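Sharing a structure, written as structure tokens. Questions coming.
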Amino acid sequence: MKQFLSASDPEDPRALVKKALVLKANPFQSSAGKNRTLGLVFFNPSLRTRMSTQKAAFNLGMNVMVMNVDKDGWKIEFNDGTVMNGDTQEHIKDAVSVMSQYVDILGVRTFPSLQNKEDDYSEKVISQFTRYSTVPVVSLESATRHPLQSLADLITIEELGIKRPKVVLSWAPHPKILPQAVPNSFLEWIKITDADITLACPQGYELADEFTNGVKIEHDQYHAFEGADIIYAKNWSSYVHYGQKPEVKSDWTITAEKMALTNKGKFMHCLPIRRNVVATDEVVDNSIIYRQAKNREYAAQAVLQEILENL
Amino acid sequence: MKQFLSASDPEDPRALVKKALVLKANPFQSSAGKNRTLGLVFFNPSLRTRMSTQKAAFNLGMNVMVMNVDKDGWKIEFNDGTVMNGDTQEHIKDAVSVMSQYVDILGVRTFPSLQNKEDDYSEKVISQFTRYSTVPVVSLESATRHPLQSLADLITIEELGIKRPKVVLSWAPHPKILPQAVPNSFLEWIKITDADITLACPQGYELADEFTNGVKIEHDQYHAFEGADIIYAKNWSSYVHYGQKPEVKSDWTITAEKMALTNKGKFMHCLPIRRNVVATDEVVDNSIIYRQAKNREYAAQAVLQEILENL
Amino acid sequence: MKQFLSASDPEDPRALVKKALVLKANPFQSSAGKNRTLGLVFFNPSLRTRMSTQKAAFNLGMNVMVMNVDKDGWKIEFNDGTVMNGDTQEHIKDAVSVMSQYVDILGVRTFPSLQNKEDDYSEKVISQFTRYSTVPVVSLESATRHPLQSLADLITIEELGIKRPKVVLSWAPHPKILPQAVPNSFLEWIKITDADITLACPQGYELADEFTNGVKIEHDQYHAFEGADIIYAKNWSSYVHYGQKPEVKSDWTITAEKMALTNKGKFMHCLPIRRNVVATDEVVDNSIIYRQAKNREYAAQAVLQEILENL
């Protein structure tokens, strides 16, 4: 594996899931990271991703350098040919070329603008990292995808051992404007497994075709939940009315009452979760969200190890 | 030892002091930290605590992850049952449950509000860490105690080798409103040693009964200093008039003249120190404060090692 | 080597260049850093210096602690005898004495005020670090010098293998007020090699005599470039009109047209570079700036290793 930006990067994504489970059983089996350094660049704050990825690197014996890029402190120029006598201090070409020289793998987290759909869906920021980096790039979440989260989700589902599970990705309320990265990516990855997948969302919250192709779309949350083995909840802003929050008239908060419609379904969420907004306390407290979060560590470790073995 | 929040956590606190001195003589004797990770969560900035604890972990071969929680950047919900559609992004239950999964020991620094005595003295924040963490929690200073500092203080006093020293904990001036954690904790720990302990403070600055039980209280600083072997200086805000600074009419700054009343007494302070406010340059420059700071490393190492050996 | 602040600290600076090249060929040959800790203190943000120095320490097996000193969060008192009842929280004497106890080598980055020439050129800040530190101090850039950058520059020039190269240090435009540290330091270091060195700058941008002694000064950039093997570009503010930006009438941006005057000259810059202000894209894209940045790692490693071997 030469980079990890989406489900199409691993040669065999299902094998990667299995590999992660082997690592979970015995995390300290490899010293592939000896004398290797992981650089983690955050354009946005991160807790879970930073800790789980750092821990994964430690498990492999890697050194880790974390760079929190304060957008105000280090303004980056993304456009070519600019006369840089304004705010921007360094061109992305130079920044990435240099940073990548000091590390063996470069992880980067970026967020969408949620204002310019074309910039976001062309992955304007992370694509410059892959373009200029001299070492493999790992996405720690990009404008449109969150592949380490999705890989952890697949590991968690695999652990449940359900044959052809009925999986419902359900939109849920949230007070803020959020990216589509997690749901996009979840659809992209779940499709490579043997699952029956439904997207449940209010009108106006459908995701981009490239992710929903072949996915059932339901606008009735109650109907979607019937017989589900897994409810994967997440809020996102509108793709069609890009970055907006069209009004939703019914209540999409996930409740115990709605969970009762499922086939003893497991509740999943990528965290952080707004309790009693996305889902009630009762639902969250009876969920598998902590296992899911723990699996972030082994998802990252499987990815790093596979990349290290190919250096 | 399963956690380290107060003097009642170590099975034998005096043995812990001895252990720290053994480690000081030979810091690299143990590899108990191999493949182990320490997570350090700071709700407030820290220099000394972070460096000394990190160094202690390195001495044991541990990996370290530092999380600086910017209160504005990652607002945490501490109350149960809240409908989280406001400012708070993640419930403490979920945050701690997840973080603790990525580490073997979780260190956390929190500060008191100094506005709500009940919240502070019930240790509202750090108690949620111990409640939800799946791994041992180490206090890097909490609302009412600073046990790593106090352990370092005891190590420093032990090194002096004075039989039943006369120890004076003296209030001193400071321009800011400060917590009572350091003096509370010092009293809690010094009581387990064989020392003659006096609390010297202006009227209105007495500490909570649970800490001053059995401690002589003096309101005349000159009288308190007579014959003292150790002067431990610190400012704190009022406990009775909670978080306030009742007016103090006499000058409590510690001077060479006052130190001359002691039995060639050693001056101690936990740092950072406001020179010529808490104590004069002359007093500070003839003190054992740097040795005390250095002992923070071995205090932390003794605690981490004892916890690691019991995992 | 007991400290690394300027070209006069290494016993044999030319040997240090050679040593760095040996390390570049095989970075993991030494375990001199085992059980050793490097502390890096940044009073100003840093990307390149932090990453390259951290990587160098990792190559040697050292642990690294990074302290970002937010000037607002931790205000330091630099003057002796102050009654510290104002903004400053800790005296530099105490801060450095304590920090240095937790590490084996202390790196520190400070910047000039660019307002008080005397304070800056007496190295008011970093000199307090060397005064109070109990361990060797390494400059990660100070008010007047950037020795790790200059050592990396010499390594890069050495790799070119040009016999007595004609080197031109050329001033170039920039929208901000910048320190003189990089050009000062470059002159200080290049003088110890066998090079023909010219300083090209507009009237009013001459550097301090201690650095320009024995250096040709040219105010005609075109003339200076003729036959040059190396063009080292950098902006700096005026030394004579201290910290100001006297008006420059001609265009000092480095262009391909100007580079054509040289002897197939190589373009160097310490980065970050303002493209199409300091130099055009064409010049930057045909430069050796990335190699130069990569050599920062081996410069730091050579310095750290030499210091470690003398502990």
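Here the chain labels run A, B and C in written order, and each chain numbers its own residues starting at 1.
The criterion applied here is as follows: contacts are C-beta pairs under 8 Å (C-beta built on N, C-alpha and C of every residue); 3 or more make two chains touch, one makes a residue touch a chain.
Computed from a prediction, not measured in an experiment: that's the story for all the values here.
A turn of 120° superposes the CA atoms of subunit A on those of subunit B, with the angle given to the nearest 5. Look at the contact of subunit A with subunit C and you find different residues on each copy: under half of the numbers used there are shared.
Mean C-alpha positions place subunit A and subunit C at a centre distance of 39 Å. In subunit A, no position touches at least two other chains.
Residue ranges on subunit B touching subunit A, taken from their complex, read 35, 37, 39, 63, 65, 67, 70, 73-74, 77, 80-86, 89-91, 94-95, 97-99, 101-103.
Subunit C contributes residues 28, 45, 47-48, 50-52, 54-55, 58-59, 173, 175, 271-277, 281, 284, 289-290, 293-294, 297 to its touches with subunit A in the complex.
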